[in-house]
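These are the structures in question, set out in turn.
Each of the two complexes below includes chain A, the first together with chain B, the second together with chain C.
After this line comes the complex of A and B, so read on.
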């Protein structure tokens, strides 16, 4: 063994410093075209580094570099890769052996490096597993700073894992229609609401040889919205507004809303019963029984008043033609829409890449009769 | 009544001893007390070594205005104290189940808030606060940008936040919000699906606790509907300089200074949050737990 060791030391002395080699390797791997930036390549580089030298000279620098390069290789959310990097640390050397070493920061550079690795895991939301724990115990021993960091992560991560009452699936659905369905169900906040796919995305080749795109249209409407739309006065217009943003983790999607303006207060009163209709007993009883001042849980503030929302949709294109198709689809379940004027109040959304020809002003309003459009379409 | 005046006088004398100016000179001077409390300095900038006496802005006009304001405040405090707790009658204070602390109906309501973003540390995020449609709500909007400032030291960036201003009473003493009769924070908001963090700053007992914050998360669903979010105060966890602490304590609900919202979800792009009101309630349904985080002495 001693002979072998001495040979190794000799080899160490003869070879150029490790740091530059490993660095070059990582860079060359990321630059060369035949070695794609994949998990396999990344793991291979780590293995090559581990095999090269029994002392793992320059491993702290190597680990920092590897952590920096992880997003490039697309492995920043892979716990196996983090464990692999942690495995680069030589084992049992940095374990504190007595209380003085434990009291002072034993091998501070190495401990900081491991903490940095755990912190990167934390920022990507990766929970350490048992292998991480064993590796850390083997490398730094119990009561070291990285183990403390591990313990804190294991305490807080499960506490906040399910804290979001409206969880977003991870990963998000790739298909835009599925994504739209999920997003609409999320914002509708109603389990009775029904999602309707009015049009699936497709590309059609016309006879003239021109390609025409049909963007997807997915809408949602709840029974309550349908009944409130049925009670809507057809003389008052309804509005298609949008696009509005919705964030699902790091993805931004846009939705459109069909809504009416708030009724003026004189029309809002509705069916108030005339108190003189019956002189013998009251027609309305509003006794508020069993309510004490201590049961008054109302906030002393005026609610924000806005017009009712009748339906929502998400579409592959935010232009008026696409949204008119949505309105046409809505007419099948809401016959009143065929008599109601629909006004499009669209702000130039981020999806509309080509400039609007004609008028460029924001929120241009165009009133049209639905029957007319039906004819055209 | 007498005790109140004595108490005031005691604090009054003490607070000016701290600042090293006499009682009579205090009001004549501005800029001295209102020095920024933050110790953050951008990497690469030189420390501000201007002597204190250069920052003093001495004028008798200031003194007159200041004294007028302070005497008005102390008069209000005495009158409120005679009326009952927080200037309302005792019965009213006892039976109230809900309270609206902040609502946003005019520009004056917005003036009590400070908006900040990582532009302070050299980042590129932007945040603005305006009134919403029909002056019915506050609209906090802007763009989040996680580009790290190229100063060689900063490693992370990308936050936007909004915080209520500190409350000061007569003679520059601290005013606290006393929320100890409530157990739930109640917000009516409309977001765009981004998660926010609610931060509560309580008065530090020792000065080294001045960076302590109590935080919890708020997840607006997004979409066209307003939603009510209730957060029990016991859920708030203690953090200091953005790090969760090992030892968790219940918030001192009678020593609350500010409340704020922070966005930092690492997603580049525009954001918006509309706030109707921020209130408190006694939620009878929430009686179960006193404190959800372990409080036993852990292995040192």
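After this line comes the complex of A and C, so read on.
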């Protein structure tokens, strides 16, 4: 009974205020059923509305309200739910019967409402399916505005579906280590780069009864980076810099880089090709002729040269102790690091960003403070 | 029989008049191929087709007989391929015939063959790929270092035993990493404290004869002090005997083809090499390696031609006896076409190979490395197509292990890869020519770029005349021409190709200058055109000679020559058009982009055709 009751309240919440003025007051009580805001309840509410009145009075208002409430129920990306809402429209009565009706805006409020629904689908990137099409045809008939909207969506959506050459997995991995691994591979953009998990996240109880946290450390380094680090002059320091932000959909992660300053121009060695390099053919021609201007297809760009980046990492905590552990781990594959001074140039970064981006949940902020990944709803 | 064979050969050689082949001093001959880059043809280098004297011919035929007999009677290629080993009896037979010292001078116990005669014997030896490669690894590269850069003492010490086949040689250059990059050489030789020995350490891979060789030519890094007093790592060549100790080898590699040849890893561990065994200078190993590699290639042309001639015999036999639909296979035009192709390719290869060998046998030290590289590229690719076509004639039969054809196919695949891959050799051919032409044309191009009115006008005028349908005349055909009138048309085509090729080379140099080294797609086309030009020259020259002296079936030769020249002419024209930046035929940009995207993804990029988006 109580379940039924809560559904009823939710249904009322969705009801357009003009229809059931008295029941709207129940809205204030709806907080009691907060936990029931799921797809199932949403669908039930829609069903309840459909069954209540054979004439479906107020369905336009109901649909507008339902569209508005979708994100709250977490169904804003569910095509089945959109179809369910569309199903609320009474069938066949809005179909134009002659050319004059077709020419003018037949049942404008209903057509606009359906377009609104399709537009919401569009903004969430939901592609209509065959059921949507059949419903629209049944409700508004061919050559109606919603069908036109549907056709336009079906023209553009497939074209844009794979337009991103670097798609982010959907859904994102929940495990911070997996997420870090994915993010690092994405930044490195190198098939040869190897991801190493230097430390898995764990909590240990010390003898004194205190909890000590071991944040995760995940690093990545490509063979080219390893060899360029090996050629680095150990007298010059290398720097750990960060945190830098990376957005993956709505998740923000932070990473750190190990890099060196650019060598001053007088120390840079020209990379002349050894004339005795290739046993088979000359690698350079001994000619005093350059490339013709017309064949120089390079754009004239000013390039800012930066120092080399040797490795990257993501860690559960951005303090120096954690990052020092990463450097220690790197030393196993890069022995030169043990002779090279490492300077930590860490900006306070995410700690100060936190209150701005995620201030609505006071209780959770404590937890997030030490975690450099965060999921925003 | 073989021992007697060798005695017989020696005896014939002794009966030759002294100095029959000893006139090899004097002017170095200007390279023919380089002149083509200038749009000119050095007719005196290639016309008339090189000949050998009657005595030499007679002598050679006496060589050829026993070798041919040995290969047809005593070499069981199928068994060699199956067991992946050349039986000792066969090796002994080869030794007795003197085939291990073909190019070693007689005073060191070799046969002292000229390049031409070496090429002739190569035709027969190639009938078994494994033996061909074993012998080539021994003398075309293995002991070549001693022959061309060794001291008198080294020659006296090593050559006699190598010539007799008592010792087998191997060439140790490639290391894990890559074959053509000298930076990948990690083997190191350090001078011992007493200064008498080098201590050699390192590993070499894919060494032909590595498991059976007694003498190795090894390339390793040594420290050399240059003029400025800096210590530098440079490559040095050493003669290393297995007896020096510390040499081990891996088990023979299991290969696709040439299975009977021995290929394995060779490891050197603290091998003591006396300083007398340095080939050339300390630190001069790079030049030695290059010279060895450049000089070893020309013989592939005749070897491939020999193999194809044999294939034609075998497949023709089949095509003329097998019946389909009451018709002989040979009556079908599509089968006939294949035989025409085989004959044509064999003819071109032969012509190129013997023209090059003849040029190399000229007095002086002619540098024919571009020509040799062209022969190698053309013949290895030709051999692969021909064997594949021959297999096609035989249909399913060719695919069966019971017949020798599939072995030919497997064996000849290596030709495109070793002794410098064809891609690398194309770069060599094109870049060497570009360097030569660039040196000469630099001043002219610079003047034009500066806006020298006279030169620009001259260029414009010559272009204008060309567009009006100019007749190119380089003096090949006509009254004072060197080409026989039956080949007049082909000669004219060659002239036209050469002229426009030279014109385009100049254009390329103007456009790219020294950055042309990075334009590999263009260089490949340049090399392809040059190879065709050289091949055309070779067949025209040979066919002209054949008509003039009335060789048997010279009319057939004329047909083959004209056939090839016409085909090559149109191919060249197409390639020359492709060199134009704005030509619609030029797809370079698209090619590069497709490759780039595939390589970025390291996979085939396209979605599956059954994939859908809605």
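Keep this in mind: the second predicted complex is superposed on the first by the 294 of 377 C-alpha atoms of A that agree within 3 Å, B and C clash if a C-alpha of one lies under 4 Å from a C-alpha of the other, contacts with A are read in each partner's own complex, and residues count from 1 in each chain.
Just so it is clear, a contact is a pair of C-beta atoms (placed from the backbone, for glycine too) under 8 Å apart; a residue touches a chain by one contact, two chains touch by 3 or more.
Bear in mind that the values here come from a model prediction, so they are computed numbers and not experimental data.
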- Message: For A:248, using the defined touch cut-off, is the partner it touches chain B, chain C, both, or neither? Pick first, second, both or neither.
- Response: first
- Task: Applying the touch criterion given at the start, work out whether A:305 contacts chain B, chain C, both or neither, answering first, second, both or neither.
- Result: first
- Of chain C and chain B, partner touching more chain A residues: B
- Message: Per the contact definition in the header, classify A:264: touching chain B only (first), chain C only (second), both, or neither.
- Response: neither
- Message: Just to be sure I read the superposition right, which of the two partners does A:282 touch: chain B = first, chain C = second, or both, or neither?
- Response: second
- Message: According to the stated criteria, A:171 is in contact with first (chain B), second (chain C), both, or neither; which is it?
- Response: neither
- Contacts of A:161 with chain B and chain C, given as first, second, both or neither: second
- Which superposed partner A:209 touches (first chain B, second chain C, both, neither): neither
- Return first, second, both or neither, reflecting whether A:295 touches chain B, chain C, both chains, or no partner chain. both
- Query: Hey, what residues of chain A end up touching chain B and chain C alike?
  - Reply: 294-295
- Query: Considering the complex alone, what residue numbers of chain A touch chain B?
  - Reply: 123, 152, 155-156, 159-160, 163-166, 186-189, 244-250, 252, 255, 257, 259, 293-306, 309, 312
- Enumerate the contact residues on chain B facing chain A in the complex. 95, 97-100, 103, 105, 132-134, 136-137, 156, 186, 188, 192-195, 217, 219, 221-227, 244, 246, 265-267, 269-272, 276-277, 279, 281, 292-294
- Using the touch definition up top, name the residues of chain A that touch chain C in the complex. 127, 129, 154, 157-158, 161-162, 191, 274, 276-292, 294-295
- Item | Touching residues on chain C, where the partner in the complex is chain A | 173, 179-183, 234-235, 286, 289-290, 293, 420, 424-425, 427-428, 431-432, 434-435, 438-439, 442, 445-446, 449, 509-517, 581, 602, 607, 613-614
